[in-house]
Amino acid sequence: MTSQTGKTKAARYGMVVDLDRCNGCGACMLACAVENNVPPAAPGATDRTGITPLRVYRYENEGRVVFVPIMCQHCEIDTPCVAVCPQQAVELDPATGIVGQIPQRCLGCRYCMAACPYHARYFNWSDPEWPAGMERALNPAVAPRMRGVVEKCNMCHGRWHEARELAAARGESGPVAYTPACVEACPARAITFGDLNDEASLVAQMARQNEAFRWLESIGTGSKVYYRSRREWVRESSRKEVNGRG
Amino acid sequence: MAVASTLLTIPESRPVSDRGLIQRGLDRCPLPQFALWIAPWAALLAFGLYAAYLCLRLGLNQTNMDNRFAFGLWIFLDLTVIALGAGAFFTGFLLYILRVKELRAVIQSAVVIGFICYSGAVCILAVDVGQPLRFWYTFWYPNVHSMLTEVTFCITCYLFVLAIEYVPQVLRNRRLRQAPGALVFEFELHKLMPVLAGVGTFLSFFHQGSLGGLYGVLRGRPFAFREGFAVWPSTFFLFVISAAAVGPCFIALITALAEKLSRKTLVGASVYDVLGRISGRLLIVYVLFKTIDTLIWINRTSPSHGFPAHRFYQWIPFGTAILLAEIVLFGLLPALLLLRPRWRARRGLLLTAGALACCGVALNRFVLTIQTLAVPTLPFDRFLTYFPSWQEFGTFLAVIAYGVLLYSFSFRYLSLFPRERELAARKERS
Amino acid sequence: MIRGLILFAAGAALSSTAAWMMTPRLLYRHEAQPVNFSHQVHAEKGGMQCTDCHALRADGSFSGIPTIAKCAECHSAAMGQTKAEAEFVRDYVTPNREPQWLAYTRQPDNAWFPHGVHIQRGKLRCEQCHDGQGKSDKLPLADVNRISGYSRDVMGRPGHPGMRMDNCIGCHERGGRHYACLDCHK
Amino acid sequence: MATVRRDFLKFAAGAGAGLVCSPLPWRLVGDSALWSQNWSWIPKTPRGEISYQPTACTLCPAGCAVRARCCGSQPVSLWGAGDPLCPAGLCGHHLAFHPARLREALHGNAHCRPEQAFEAAQKIVADAGSKGSVAVLDLRPGRTASILYRQHLARLGGRYLTVSPTIGPTLAALAHTADRGAVPAFDLDRTSILLSIGTPVLEAWGAPGRMLNPERKFKLWQAEARQSATALGAERWFRIRPGAETAFAAGLIAAIDGDRATLRRAATLAGIGEDELSAAAQELLKTTAVVVADTHPVLGPPAQETLRAVACLNSRLRAIGRPGGIIARAETPIPSAWGPLAAETPLSAVPDGSLQLLFIDDSTPGAPLPWKWIAAKLAPGAPVVTASWSRHGLARTSHYALPAIAYLEGLQDVPTPPDASVARFALSLPLVEPAAGAIEPVEWFGRLAGDATPLAARLKERAAAIQAGKRGAVRSHAGEMVAPDKLATADTFWGALVAGARWTDGPSRATLSTKGVSEPPFALEATPEELTVVPTAWFGADVSPLMTKLWVESDLKPSVQLVYLHPETAQRLALADGAIVRLETACGACRVEVRVDDSVQTDALEMAASHAWLALGELKDGAWRAAATRVVRL
């Protein structure tokens, strides 16, 4: 879909999530749902059929607990989901580094969900339904999805659109600076967002620190969402082979 | 007006019987008995269609699939059915390209089976995808890197091929033969057969392979990910071989079943022998490659991705037993049974071996579809299990029913087994 | 044989011509605008620019079709003698009722056309996309697709540019500009 | 004849072929695919100019500053101004569309005329006279509305009731030590260690944006039985036995006093080592530490004994009256014209069966309040009128339920939060149309007391009173200072408030004395050996259907149908994950599903704060406590 040109300097938007700060309040999950017009749980939905483009997992290991927010990790080394989509509904935008999912193009074959090691993709098993009148409170910057398509974190591209318009109005050029909803919402300021290409940016510096790590780094999909923790066992568990809860 | 009237008038009224439709010299059970056989399957079809309607109308919340089990019963059975349907292309390949004459006796039947399997699979897929109305996006905006695109293209094309191969048999029906032109058309098509067989072989080879590739390329799922040659992971080739291996088995099984139900000899004993022999050889090759592939995966691929393979087998019921069963019980054993002529000669053993092989391929598809999704990847996610809803079962039963019906009708009104007449005659003489 | 061919050809010709002719009528609902607004009059008599009514807001977003308040700025009372204007003032301005304008080129909910970016960065002029619109004296009927509910002008019609995805991509490719799905889709 | 038919077939075939050569079939295929992108039953997003309106959140006492992102006039999302909001605060704008929203007056769950309730109430007020038998239960005390209730009740000779004291139990226990016109307040900006005993500091106490801020000065020590989010987020967590709060505090005191015997006893009761307690006490003494034991949204206020112990501990730590500890602050000015105010009484202090009429202000979503508790206080046949935002909860059990104006629907004031060291005042502005027929509860009760002044006017009077004091400063709602002239006149001040500005008082010269602070010994009864049900952390008010994300569509928060127990407990009771059980206490029973979880203590069952939990509970020294529980397998 894309034809990259060297005209504007490309950005690599990424995140660093500080797991020591997250206390699992869930503000990010709700902010994400509000920002991206994610519908409330359909009747009979469970944590396996729900739609939570950003989901905070409670990782309990020998009595020690850490909360892990998992959203699309925006992998950049032959991205698993991009390669498999039969009709180019998923793409990695070289100008922003965002892995974009276009529900209007999606066939709903769910191959990308099978491909995603982070389970960060969600299928609309039912028609989205809001309580009467609540559609008036939907975010105009994001279109609601229809039944039968896959959706995921697009790094709040609605906010990116608005930031880009504002930048154009101000005559600014280069990668636009914006803040995804989860980052703005986190009361613990656990998520840092920015352009990883910009060496000076806080996010780039934090991603380089020793305490930073990525989940499933061994698979080598080059995700752009980093995590950090001072706790050794947390960092270890990202390297340790799967010991999922039975 | 005249036209209309001619259309409306029934040609000539006679007692209800379909004698006129049945091929000369073939004796078939009377219509009522046939109707009795058809009725339950028709009912099953109706029920299945209702289940499918629910899924299409209300969405896939009718199924028990979820975000982890994005693929479920349907995909697993699709893969199996398509593998079993591979008999069509492979028999065609053997008959028309490698000139294995004996197989002329079953090629028609094989084509029908293939047609049923593929069309059935496509119907299931239409229900399985969330947005069937967008099916053509795959052709209009194809992503050439996706194995699924390859599959879609090949399956669709091959379905056409099968249809074209099926048509002449229909045209050879007694009543249709009365129409001039039909004969000509049929004859023309007949000359095409070898070409079609070639094309079919090529297409099938690719989509059987890509179906395997479907999982082999999932680098996000170390359980399924395999290295391979060029763009194709090893599963690509394993699927081709396994499909080719069980195809003949399945044909043998169906033929035997048809003989049992119709209480007739439809093909010479030699045909079974040929089918068995070919299956056996391919099967042993498959077992060999599968073993090598598994060893490479255990010792290199999986660890290099940070997942010691044994980890995948710690989840009950997906223990190592399943792996052994797949390779030894459903692979090696039938292969040996089929390779030894003396055993092969015993119809019972041959069919048992065939059945085992078919189960083997089904198990293999099951493992790749379900176990791949069941095993956790992140340290904090769970091992999950899933059981299909009645809508899922129903929709698939519809395909089974459709298959039985189509085969029954084809068997009754077309001559699927060219030597049937002659064999019947011989029986009478003796 | 020949007879057959003739019949075949006849059938083909008949059905295809019929289909060609019927398609627009079958596919589109033709809806009239609530008020017959003349861009021409406003541009020539009023000497107005497009941006006088269709302006960019401070945050760079596009205001689109003006609200009745905008009209009332000039038409609080009838300026001319035309019956049309008098009626407009009577029916909409005085009761401060918004006319239910039908937007010809409104993108569907899932697409986001940033006017600001195209005007300020791309230096596009209104006519390049909305060719004659700014000078038209009558508002044409708005054709809405019966099935998809999309505007015909967005999907493009013979002799009209159209604003489908292909059109966007075509322009961006000609200019060798970068584009990605998420640039427009929301 | 046959030929004719064949001709027709040929013609038809031709027609078919011709059709394929026309655009029609292809357009149909294309448009039907487009239709699948544009289904009429998928809502269209609103269109309109985007603007940001300042307001303040009234969903909890923290009163965070809010930037409401509006499309046209409709808020489409809420964001914290300065500090971020909590999960509930983020979707406060969904309150208007909540499926549980009460939209009509109810009489015994049947529709009724709003006047009906009023007339019934008026009659009782007329008869009751001034025997203190008319009461208002204010579930969100501290607002101007609360003060108005007290004014009206003073006129009616009624009682003003709260579940937990306005300034919080810990400070209320020290209220008598403050000078007149002043109240105790935490001085957290200068605190180095905040020792919280069972207070959900990181979940529902103070502003989340402040408590969870990694830059916050003080360290948090948590003494709690459950592995709550606060316990996990705290710098240090003392995992005490359930119900051993008093013992823990007493233990620290004993350690400071060097009372070995008590220390040993307390240590064993609390399940914390003696040495650990002594070490902690020493560390607390070294720094400026302060202890808080405040109301839990679900557990309610701590036991009286615990509060006495905490007060004593605070004085032992020399926290009372010291910067960084508990200091005195001036109260937010109240117009002198408002006359006498009814005293604040805790609900638990009301003698049973003494109320002829109870009016409950339940206008903001909160944790469920046990009806048993309220019912006990009613005289036979006495009606309860609840002005509620929701059909569920109290509105369901009350005799009359009136739809109340909720957050963002009416002009409200934001009182001083429990964690503030100085008085504060700000306005929450109406951004959306109130639900049809919704009433402002205090105005309704005002009419009952013969005072029809609208709340807005009263708020303006209050603002004028504050401005008259000429103290403190005006800050924009994002927090930065605004030019002092805003305080020049009542109008400029009001203008600033309506524009979203907030008033913060200056430091007060008032002092606290340590006289009359309770002293040891404290009653340390052994915690029950048998299982007790503890409610897990409350995940905020149910203000939006999107809350399902937290516990239906993910397992982040405990689901209300589940009970969590430790593997050992499960083994002892021979229960497996997913087993359906019936929990029985002396007070009630409920049916739940079992989840096995190592994070639960061996002698406790954890379940979400819900009506199911309330059914099991009982009122024990001023708070709602779950009783000893039997688990029956079903």
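In this document, chain identifiers A, B, C and D correspond to the written order of the chains, with residue numbering beginning at 1 in each.
The rule we apply is simple: contacts are C-beta pairs under 8 Å (C-beta built on N, C-alpha and C of every residue); 3 or more make two chains touch, one makes a residue touch a chain.
These numbers were taken from a predicted model, which means no experiment stands behind them.
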item: Number of steps on the shortest touching-chain route linking subunit C and subunit D; value: 1
item: B-D against A-C, pair bridged by the larger set of C-beta contacts; value: A-C
item: Of all other chains, the one whose Cα centre sits farthest from subunit A; value: B
item: Chain with minimal offset from the mean of all protein Cα atoms; value: A
item: Approximate Å spacing (C-alpha centroids) for the pair subunit B, subunit D; value: 61
item: Subunit A and subunit C: spacing of chain centres that average the CA atoms, whole Å; value: 36
item: Rounded Å distance, subunit B centre to subunit C centre (Cα mean); value: 52
item: Length of the line joining the C-alpha centres of subunit A and subunit D, rounded to whole Å; value: 31
item: Subunit C: positions in contact with at least two other chains; value: 59, 61, 109-110
item: Per-residue overlap in subunit B, given as positions that touch at least 2 other chains; value: 131, 134, 137
item: In subunit D, residues with contacts to at least two other chains; value: 6-7, 32, 35-37, 44-45, 47, 50
item: Arrangement of touching chains [line / ring / star / complete / other]; value: other
item: Chain-chain contacts as defined at top; value: A-B, A-C, A-D, B-D, C-D
item: Contacting residues of subunit D [partner subunit B, same complex]; value: 1-2, 4-8, 29, 32-33, 35-36
item: In the complex, subunit B residues that touch subunit A; value: 58-61, 65-68, 70-71, 128-131, 134-135, 137-138, 140-143, 145-149, 152, 214, 217-222, 305-308, 311, 315, 372-373, 375-384
item: Subunit C residues touching subunit D - in the complex, by the definition given at the top; value: 3-4, 7-17, 19-20, 22-23, 26-27, 57, 59, 61, 63-64, 108-110, 145, 147-150
item: Of subunit C, residues touching subunit A in the complex; value: 56, 58-61, 109-110, 112, 114, 116-117, 120-121, 172-173, 176-183, 185-186
item: Residues of subunit A that touch subunit C when the two form their complex; value: 1-5, 7-8, 91, 93-96, 98, 100, 102-105, 141-144, 154, 157-158, 160-162, 164-171, 173
